[in-house]
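Labels for the chains are A, B and C, by order of writing; each one numbers its residues from 1.
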Amino acid sequence: MGAGHAHKLYRHARSPVHALPPHCKIAAVFCFVLVVVATPREALWAFGLYALLLAVVTAAARVPAAFLLRRLLIEVPFVAFAVLLPFVAQGERVTVWGLSLSESGLWGAWNILAKGTLGVAASVLLASTTELRALLLGLQRLRMPPLLVQIASFMIRYGDVVTDEMRRMRIARESRGFTARGVRHWKVLATSAGALFIRSYERGERVHLAMVSRGYTGTMPVIDEVTATRAQWTYAAALPLAALAVCLTGWMLT
Amino acid sequence: MTPATPPSLEVSGLAFAYPDGHQALFGVELSVGRGERVALLGPNGAGKTTLVLHLNGILGGGAGSVRVAGLPVDKRHLAEIRRRVGIVFQDPDDQLFMPTVREDVAFGPAAAGLRGAELAACVDRALARVGMSGYADRPPHHLSFGQRRRVAVATVLAMEPEILVLDEPSSNLDPASRRELADILRSLDVTVLMVTHDLPYALELCERSVVLSDGVIAADGPTRELLCDEELMAAHRLELPFGFDPRSVALRG
Amino acid sequence: MHVPDGFINAPVSLAAGAVAATAVAVSLRGARRELDERTAPLAGLVAAFVFAVQMLNFPVAAGTSGHLLGGALAAILVGPYTGVLCISVVLLMQGVLFADGGLTALGVNVCDMAVVTTVVAYALFRLLATVLPRRRSSVTAAAFVAALVSVPAAAGAFTLLYALGGTTDVPIGKVFTAMVGVHVLIGLGEAAITALTVGAVVAVRPDLVYGARGLAKPLELRRADGTVIEPVISPVAPRPVRRLALVGLLAALALAGFVSYYASTSPDGLEKVAHDKGIDSKAEEHAAKDSPLADYQVKDVGDARISGGLAGVIGVGATLAVGTGVFLTVRRRRSRAAAAPAGSEAV
C-alpha cells in the first residue's frame, strides 16, 4: 500500500458495477472464482467463455483493458512456476519443438495459468470498482467478525502512515551515505525494522488512548450500514450464475 | 460567572506517580471558569501531558480530585466525563483513526448512542464549525496537516464538550493554518485549556495563563503579565521567540 | 508463496478455508486475552507494520533480494494469537486489494502462512526460551531458530495441502524437496532479519516483546543495610521441567536427524531428487575447485543426506511445536479448572 500504489487500486467512475453494494460484489466474485476453480481443465472453451464474461463486466465497469492487464502482472512468479511444470511433472512425454515435455505437466501448467489469471482478473475488477472503505463494510455485512473488520480497517488507515515512516527512515539512512548492498547491511535494516515496530506499537497505544477519550469501550459504534435490494443481488448474481452454467456444461461434455 | 454554575474544571491537590515510581504531579491546584480560555505553559517534562490525561480519567488513582462542571472524575462517571472533556491530541494521525472524516467525527457521538439523522446533523455541525464541511467523505490521510488538525478539533466538538483541551495545537502548522486555527478557536463558545510551548499563540488566544513546572502550578495570571516577567520565564525554561515583545502586541477582541 | 486460484482443487481449498476460519476464530478469543480492549488498534497497527516490512527488501547478493514474511516476527513480538490475526488480515487484504493470492486459495494461504508459521515459531521460541539461559542473547538466538524453522514448516504444510488437493501430478517427494529446500534458504534470511529485529526491540523496549516477558528480573528486596532478602517464593519448581524439556528436545532432534540421514540413502525419494535436480550445483563447482578433497559424487550424496536430515529436524521441530501447544493448552485448562472452585481469581 505504498504511496501512489494505494491510490491506483480504485478507479473512480460512474458505472452500474461501481453502484452495486459491496457485499454483493464480494460474494459474486468469490462464487465466480470458486466456479472457475471447480471447472474441469479439459474444457478449454469454458475458460474462453469465462474470460468473455469478465470482459463484459470490465466494459460495463468502464475499466480500461490496459489498466486490468497491468495489474495482472502480480501473478508473474506463478507463471514462471507454471512454465517449469511441463519439465518436472511425470507421465507420458510429448515432444514439442524438440523438447520432451510431460503431457500432464502441460495440462497442469494450463490449469494454473487459466484459473489463476481468471482469479486475479476477477479480484482486480473488484478492487478497482469498490472503494477500500466499501470493501470493509461489505466484508462486515458478510458476517466477518467485527474485531477482524476493525483490525483490517486500522491496517488500511495506518498502512500509509507506517509505510511513510519507513520511507523517511530509508531517506535518513541514505542521506548519511548508507545503501544496503548485501548481507553485511542486514543489521542496519533490522534495526530500522525494530524501530518501525516500536513506533507502530506506540502509535497503536496512542490511538487507543484517543479512542478511549471519545467513549470507546471495545466495540465500534455502527455508523454506516450497507443494504442491497433484491434487484441488486440479482444483478450481481448474473456473473457467477452464468459461470455456473458454463461450468456445468463443461462437466457434462468432458 | 454566577456562583450557581460550577467552574468547567476544578483540579485540587492532584498528585500522581507512575507505576515505575516516577512522580509527575505534586499537588496541582487549578480552576477554569466556564467560557474561559486558559493556556497551560510549561517546559518539557513538567507534567503537562500527565495532567491532561487526568482530566478525562485515563490516568488516576493518585491523591487529590478533578471535577468537570461539578462532576467528579471517577470510574462511575467515566462515560459522561469523556463526553464532557474533549481532548485534541498533538498528532492528528493518532486521533483520526477511522477511514473517512465523517465516520471519525461521528465516532464519539455514535459511541454515546446517537444514530441516524441526529448523528448526521451533529457531524455536519461540527465540521461546519471548523470550516471542513466539504471534506466529509475524504480519508483523513489525504488531507493536509492543518486540515487534519481542524478535523481533529471537529471530532471533539461533535461531542458538545464542556471543556476543550488542546495539546500543542499550533505544532507543525504553517503560518496560514496557524492563523486559521486561531480564528476557529476564537469563534468557539466553549471553555478551552490549551497546552503549549508557543508563547505568542498563548498570548494571542488566551487572556489567562498558568505555568506548570515540576508538577505544581508555579504561576497563574494574565498572559501578558506572565510573559513580561522575565525572571519567571527564565526560571521555568520558557523563552520568547527572537524579536517578540509581548508588551508591543496589540490584542484582538 | 501466495498461492493463486486453481493451484489447489476446490474441495481442499474450501476445507482449508474452514480450518483457517476456525484458527482465526480461536485467535480472536485468544487475542482478547492478550490485549483486551486494545486488540483492535494494536493488532491493526502491527498488521500495518507487517505489511510495510514485507515491502522492505533486503539485498541477498548482487542483484537479488528477499523480503520478510513476518509470521515468526509477529508471533514473537505480539504473541501467537495476535500474530495469527495480523498475518491473516494482511493476507486477506493482499488477496482482496492486490489480487496477491487467490480468493479461493485464501484458506490455504492463511493456513500455511499465518497459522503454521506463527504457531511453529512461537512454540519453538517458547521452548527454547525455557531451555536456554535467561539472557537477552538467548531471546535473539531463540528468535533465529524459531524463524528459521517456521518458513520450511510452512512449506511443509503447503506440501501437505498439495498432496491432498494439488492439481498437477508432480510427485510429492519432488514438491516437498523443492519447497522445503528453497524455503530453508529463504528461512535463513528470514531468521537473520527476525533475530536482528527482535534483538533491536529487546534492546530498547524489552517490555514490548511478548515472547520475552519472562525475562524481566524479579523485584529485589533489600534490608536497610543493603543486604538482599532471599525471595520467599523460590524458583525451584520450573527446574525439572526445564531439564526434561532440554533432554527431550536434544533426543528428538538427534533421533530425527540420524534416522532421516540414513533413511534418505535409499535410492528413491528425496536424495534421488536432489541428485537429479542438482540443487546448488553452481555452488558445488566453486567448492570443488577450491578443495582438493571434495569429490563431486560423495558431496552430492552428502548434500542430499544432509537435506534429508535437515528435513527430519524440521519435522521434529514442527511436531514439538504442535505438541507444546497442546500441552500448554491442556495445562492452562487444568490450572483454570483447579482455580475455579477457589473463587473468582484473576487469570
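Going forward, a residue touches a chain if its C-beta (ideal position, glycine included) is under 8 Å from a C-beta of that chain, and two chains touch if they have at least 3 such contacts.
Because the structure is a prediction, the values reported are computed rather than measured.
When every chain is reduced to the mean of its CA atoms, the largest separation from chain A belongs to B. Contact analysis places A-C first among chain pairs (by count of C-beta pairs in contact). The mean-CA centres of chain A and chain C are about 25 angstrom from one another, to the nearest whole unit.
Once the centre of each chain is set as its mean CA position, chain B and chain C turn out to be 46 Å apart. Chain A and chain B have Cα centroids lying 43 Å from one another.
Shown for chain C are the residues that touch two or more other chains, namely 41.
Touching of two or more other chains is recorded for residues 132, 153-154, 156-158, 161, 203, 207, 211, 216-217 of chain A. The set of chain B residues that touch two or more partner chains comprises 97.
Across the complex, chain B meets chain A through its residues 53, 56, 58, 79, 82-83, 85-87, 89, 91, 93-95, 97-100, 102-103, 106-108, 110-112, 119, 139-141, 155-156, 159. Looking at the complex, you find that chain C touches chain A at residues 4-7, 9-10, 13-14, 24-25, 28, 31-32, 36-49, 51-53, 55-56, 58-62, 68, 77-78, 85-86, 88-90, 92-93, 95-100, 102-105, 167-171, 174, 192-193, 195-201, 203-205, 208. Across the interface of their complex, chain B is touched by residues 132-133, 136, 153-154, 156-158, 160-161, 203, 206-207, 209-217, 221-224 of chain A. Residue ranges of chain A in contact with chain C, taken from their complex: 1-2, 9, 26, 29-30, 33-34, 36-38, 41, 71, 74-75, 78, 85, 88-91, 104-105, 107-109, 111-112, 114-116, 118-124, 126-127, 132, 135, 139, 145, 147-148, 150-159, 161-163, 165-166, 180-183, 185-187, 189-198, 200-201, 203-205, 207-208, 211, 216-218, 220.
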